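Once you scroll down, you'll see the structures, which are given as structure tokens.
Common to both upcoming complexes is subunit A, partnered first by subunit B, then by subunit C.
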Partner chain A sequence: MLALRGVGKRFGAFAALTDVDLEIRGGEVHCLLGENGAGKSTLCNLLFGIHVPDAGEIRLDGAAYVPRGPRDALAAGVAMVHQHFSLIDDMSVVDNLLLGQARGMVNRKAYAARLGELADRYGLALAPFARVGDISIGERQRVEIVKCLMREPRVLILDEPTAVLLPDEIRSLLAVVRRVAAQGCAVILVTHKLAEIRTVADRVSVLRQGRIAATSDAPADDIGALVRAMIQRPMEGLDPAMMVTLGMAQDAAPRAPAPHRRATLPPRDMLQLDGITVRDADGAIRLDTLTVTVRPGEIVGIAGVEGNGQSELGAVLAGLAVPDEGRVVVDGADLTGRRPQAFTAAGVGIVPEDRHLVGAIVDMSLTENLFLDRARVPTRFGLLRRGEMRKTALAMMAQFDVRAAGPDVAFGSLSGGNQQKAVLGRELTTPGLKVLLAAQPTRGLDVGAVEAVYGLIRDACARGVAVLLISSELDEIIAVADRVLVLYRGRIVGERPADPAERERIGALMAGQST
Partner chain B sequence: MTTEMLAVFLGSSIRLAMPLLLAAIGELVSERAGVLNMSLEGMMLTGAFAGAVAAWATGSPVLGLVAAVAAVVPVALLQAFLTNTLRANQIVSGLGLNILILGATTLGYREIFGARSREAIPGFDKWSPPGLGDIPVFGEAVFTQVWLVYAAPLIVIAVAMMLRTTALGIALRAAGESPRVLDRAGLSAVRLRYGVVIFTGIMAALGGAFLAIGDIHTFTEGMTNGAGYLAIAAVIFGKWDIVRTAIACLLFGAATALQFQLPAMGIEVPSALLIMSPYLLAFLSVAGLVGRQTAPRALAVPYWR
Partner chain C sequence: MTTEATSTPARAPSWRPHAVAVPQGLLVPVAAVLGAFACGALLVVATGLPLGQAASAFVDGAFGSAYAISASLNRSVVYALVGLGFIFANRANLTNVGGEGQIAVGGIAATAVALAPGVGQLPFGLAFIVPMLAATLAGAFWGGIAGVLKARVGTNEVISTLLLSFIATWLVYWCVQSRQLLRQPMTSAATLPESPAIPEAAQLPLLTGDYASPVTIGLPIAVGLAILVAVVLGRSRLGFQLKAVGLNPVAAMRAGFSTQQTVVLAFLVAGGFGGLAGAVMLLGDQYSLKAGFSSGYGYDGLVVGLLARGSVSGVMAASLLFGFLRSAGITMEMSAGVPTALVVVIQGLIVVAVAGAAFWLDRKQPARG
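What follows is the complex of A and B.
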């Protein structure tokens, strides 16, 4: 149905896609597999008209297909669920669905009825008049899918639709995907989770560095070959934590059960969050009497769907938000209400969830970024000693495997993985580091960088640092943490051991079901 | 306060609020779609000037009104081009336009009117709806107004309906919250934002022309005197809701009317303080909203695909 021949796309000097040949058939679920930065999203955006290819041609049903924008794509019957939600939070579900589909006066009631029919056909129940900002992440993803299905597309593109979903929600989403394909629609599903490929894929194409590295007609049998094509390494010998985050939990080697490890740790609390309550500007409770203790050398994972208080927790630990109630104690010292400098001085390192917004200044050099939070930057008569700074920066680059053209390049020119290693390196070298908060530390990184980040976190932990790992990737938390606390609507709703067998239970807790 | 005084106060409040209200309706629609027109002040001044010149030259206030709109639309197009195509900073480009227009209208005024500076300009006649005009005291002071005054509430209702019940209204709100979502739904954020800026221009032209040919029947240099900024403040005060914005305009109008009313009632207040009062009110209302997330999320943010 959809055929790409020699398609290429460059962004400046960076070749995002090179010479891509791909064929998508009607009625099939075609998975695109690849690491972050391999070109999956770029390919989807080309098909949806957001980017225009520089080379090659795309044919849809035999005719040349050259979309100049989403409008052309939609007119040709190509619909897309984007990697990030494309919804207006402040409008109702119906209004979001009507956007771009209706003309003149709108009849919301009639449209809601049509919505009901579609919901029955695909099992996608929605409350039509709820405000999108008030419904759950899973429901929002349903709105996205319904938005596409309302247009009765011939080609449906889904760019990592399961990344934000809980295990239960992923299952029902994949079921819908199958049903859509069964009606003759060509479905392109982007993912980096091998477990999903087992469940739903008819065929798989692997992208690596913008090229098609492999295609399989029987993906379930070819998992090993697909992994090799994706990361250029055999599956055997991969860090078990990596196997889990790749969605191969059942293939991972068993680990020593975590409770035993805790018993070997020094029986004192390095980090103590005691009844922390935080309210936002409108007075709504964001964190509700949150109590967490972390021992030296322990990794405690905070699981939860995003927006359940993770950002606020990060802000409290960085000293950026003062809790309305409760205490923050680091190694016996009460830091409640102190300034961010006091937190750094007490040995609290923060890897923020948004490294561009708070973790680094992209327009400053790598060296300058490595010294951003330093109280003691080398100076002479009040002037920076650039030479000293470069020397230290070079040493840190070597220690943390930060690959860049040099210490003076702009931070923004580094790849995501190297940026994250630099931020992590800076925090890990905080003098007297006692507590490390890592929020979504591997988001958007490739496999090599993810492995490096896990390695650095484990090293810190071996040095006796108490680590709090905040992640919305359930598999990551299970793989890396010693125990898992589930954050739901600002409250800790449960504690489970970090064991792949607990995956379903933790998923249910994340969804707010108390079991 | 006597009944007559109250009636006069109400009437002049409505009359003084009218230029603000007309411009604020346009600005509200524009801001809901994500464009902040700082040049509202300049657009009103252009409307006042063009309206005055055309009404004076032709002797017809209706032609004055048409000329006001015709003169402001190119200004609005320029503002739309700067903000949507060149993606210039909306506040800086708007202020630049205001300064340019203040200079241009002052020059034009001196060239055209010169010595005849006190000449009266033909304006709209006052009119009252049958029945209402016969009410004792209030009929004359409150309900006898230029027809534009009666058009304003109708426009408010029409815009409120448009925002609530049409596909255009949904698209417009989406453009103000996230133009990216709009783009992905197959609509053009840029085209829509051009449209709202031109609509703002038309409404600002009506507001400006009302000043020159509806209310005062003369043009003076810089006669809008901050009305455009007050209209923007009214939108913020009204939390981007059209009914609340209209009420804010009436409030500002009443504050202005007090300037004339208090001395007439024999209350001694320094006149500078009274002249300040609407601006002070606007300032307090805007300051009181700091930190509250009620503004459209993509307000004044240009869109890049």
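What follows is the complex of A and C.
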């Protein structure tokens, strides 16, 4: 149905795609697999008309297909669901669907009826008049999918749709995907989770550095080969935690059950969060009497769908927010209400969930970001010792494998993985590090960077640092943490061992179902 | 994925062949300024004024004599001081629109202290140093008000500094109108109210000691401060702090820098520079406080700061441009009878041409860090 021949796309000197040949058939689910930066999103954007290829040609049903923008793509029957939703929270589901489609008078009832019909056809249940801000992330994604399906597309592109979903939601999404394909539509599904490929893919193409590295017609049998094509390493050598986060839990080597490990740790609390309550500006409770203790050398995972209090918890531990109630105690010292520099001085390192907002300053140099800690900026008579900063920065780049053209490049020019390694490196070298908070530490990173980040976190843990790992990736938490606390609407709603067998139960807790 | 690809600043190089061998860095601004002059000439002709006379008055006013050059340089010093204060605060992403008011309170303070009993008799140049320091403190106080408002309650500094400027300009009126304050005792109906004259000891010494080329010591002071600002912004921890707070206050706070202190400090410094500019005007040029003496120098200084876009050398270049343009304009107005409005239009055209050329060149060469 859709055929690409020799397609290439450059951004300046960077070749995002080179000589891509790809064929997508009607009625198939075609998965695009690849690391971050491999060119998956670029490829989707070419098909959806956001970018124009500089080489090669694309044919749709045999005719040349040259979309100059999303409008052309939609007119030709190519629809796309982006990673980031484009919905208006304050409008209802129906009104969001009507956006850009309404002509003249608006008949909401007729539209709602059409929505019901689509829901039956594909199993996409939605409350037509619910406010989008009130429905879950999974439901919002359904709205986006329905928005596409209403146009009866011939090709549907889904860019990393499962990244934001709970285990249950992923299952129902994949079922929808199958039904859409069964109606004859070609579905392109971008993912880096191998388990999804096993469940849903008819065919798989692997992208690496902008080229098609492998294509498989029987992906379930070729998983090993696909992994090798994606990361250029055999699956066997991978960190078991990596296997789990790739969605290959069942292939991971078994490891020592976590509960036993806690018993071997020093019986003293390095980090104590005692009845922390945080209200937002409107007085709504964001964190509700949260109590967590972490021992030296322990990794405690905080699982939960984003927006359930993780940001507030991170702010409290960074000293950026003062809890309305409760105490923060680090190694016996009460830090409640102290300034950020007091937290740093007490040995608290923070890898924030939003590294561009809290963790780094993108318009400053890499060196300056590695020294983004008032107490550590080397000065003589108030003047910066640039030479020393540069030397230390080079050493840190080597130690934490931060790859950049040099220490003086803008932080923002680094890839996501290298940015994260730089932030992590700075926090891990906090003098007298006792507690590390890592919030969503691997979001958007490629396999190599994820492995490095896990390694660094484990090293810190081996040095006796108490680690609090906040993540919405359930697999990651189970793989890395010693025990798992589930955060739901600002409360800890349950504690489970970090055991793959607990996956379903933790997922249910994350969704707010008490078991 | 793509976001990563596009966010790397790997811009497409321009493949357009260079038509001329002249470096564009020189060609573009020269062409832009010539264009601006041509437009100005058209306007002069269209108004029915003799073009040759206007043009020669323009050149005479700016460079025609040692006196003209000296007067231009003295004006440039005022612009440079306000501009340096502007880029200092601007490093912390703060916009100081209040130069005019800071000049005004600086002028008041300089006059009041210079006229205070005993100050005129101080030795070792203290007779002018003390008033200058007083003016700097007054300006810092005036700027500091905006800083505290911003840090404490988040008042937008553009609005607060602008309104404080209005207050300060009218404070000058009040001071020169009230006998209890700075109004000189004897005025005739023909003169506007003003303060008594600044005693000679409190006037800024001339570099040459010759009134034919009256460049004051304001010039070396401004150059010295420019070097100081360049070092502080570029090489000190304070500069690092200003930059961090300006670019990302949350990350700066997490790194242990207090945003509130930074904001107040930045405004104290910016205001201090404005106040010092006021002292230089009073003690080096006007020699008595008059209503409306700041006459737009603060706002022009703001434009100097904006044109400089954060660089100290930019401030120096822009303040020279403004100083010479202002002198040229005044002469054009007085000796060639060109209306003030037209003079301002021509000056504006030149500023737009220079700014436009700089912007255009920057877009061509995005490699600048």
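Here, the second predicted complex is superposed on the first by the 513 of 515 C-alpha atoms of A that agree within 3 Å, B and C clash if a C-alpha of one lies under 4 Å from a C-alpha of the other, contacts with A are read in each partner's own complex, and residues count from 1 in each chain.
By our rule, a contact is a pair of C-beta atoms (placed from the backbone, for glycine too) under 8 Å apart; a residue touches a chain by one contact, two chains touch by 3 or more.
Please read these numbers as outputs of a predicted model, since none were measured by experiment.
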Side-by-side fit of subunit B and subunit C on subunit A, or clash: fit
Partner chain in contact with A:322 - subunit B first, subunit C second, else both or neither: neither
Which of subunit B and subunit C A:80 touches, first, second, both or neither: first
First (subunit B), second (subunit C), both or neither touched by A:182: neither
Contacts of A:501 with subunit B and subunit C, given as first, second, both or neither: neither
Contacts of A:52 with subunit B and subunit C, given as first, second, both or neither: neither
Partner chain(s) touched by A:220 [first = subunit B, second = subunit C, both, neither]: neither
Which partner reaches more residues of subunit A (counting touched residues only), subunit B or subunit C: C
First (subunit B), second (subunit C), both or neither touched by A:113: neither
Touching partner for A:395 - first (subunit B), second (subunit C), both, neither: neither
Lowest C-alpha to C-alpha distance for subunit C against subunit B (Å): 9
Common interface positions of subunit A, toward subunit B and toward subunit C: none
Residues of subunit C that touch subunit A when the two form their complex: 1-13, 231, 235-241, 243-244, 247-248, 250-258, 369
Residue ranges of subunit A in contact with subunit C within the complex: 11-14, 16, 34, 36-42, 45, 51, 318-320, 339-341, 344, 350, 352, 357-364, 368, 372-375, 377, 379, 382-384, 386, 410, 412-413, 415-416
Of subunit A, residues touching subunit B in the complex: 48, 50, 69-71, 73-75, 80, 82, 86-91, 95, 98-106, 281-282
In the complex, subunit B residues that touch subunit A: 165-167, 170-171, 173-174, 177-178, 180-188, 291-292, 297, 305
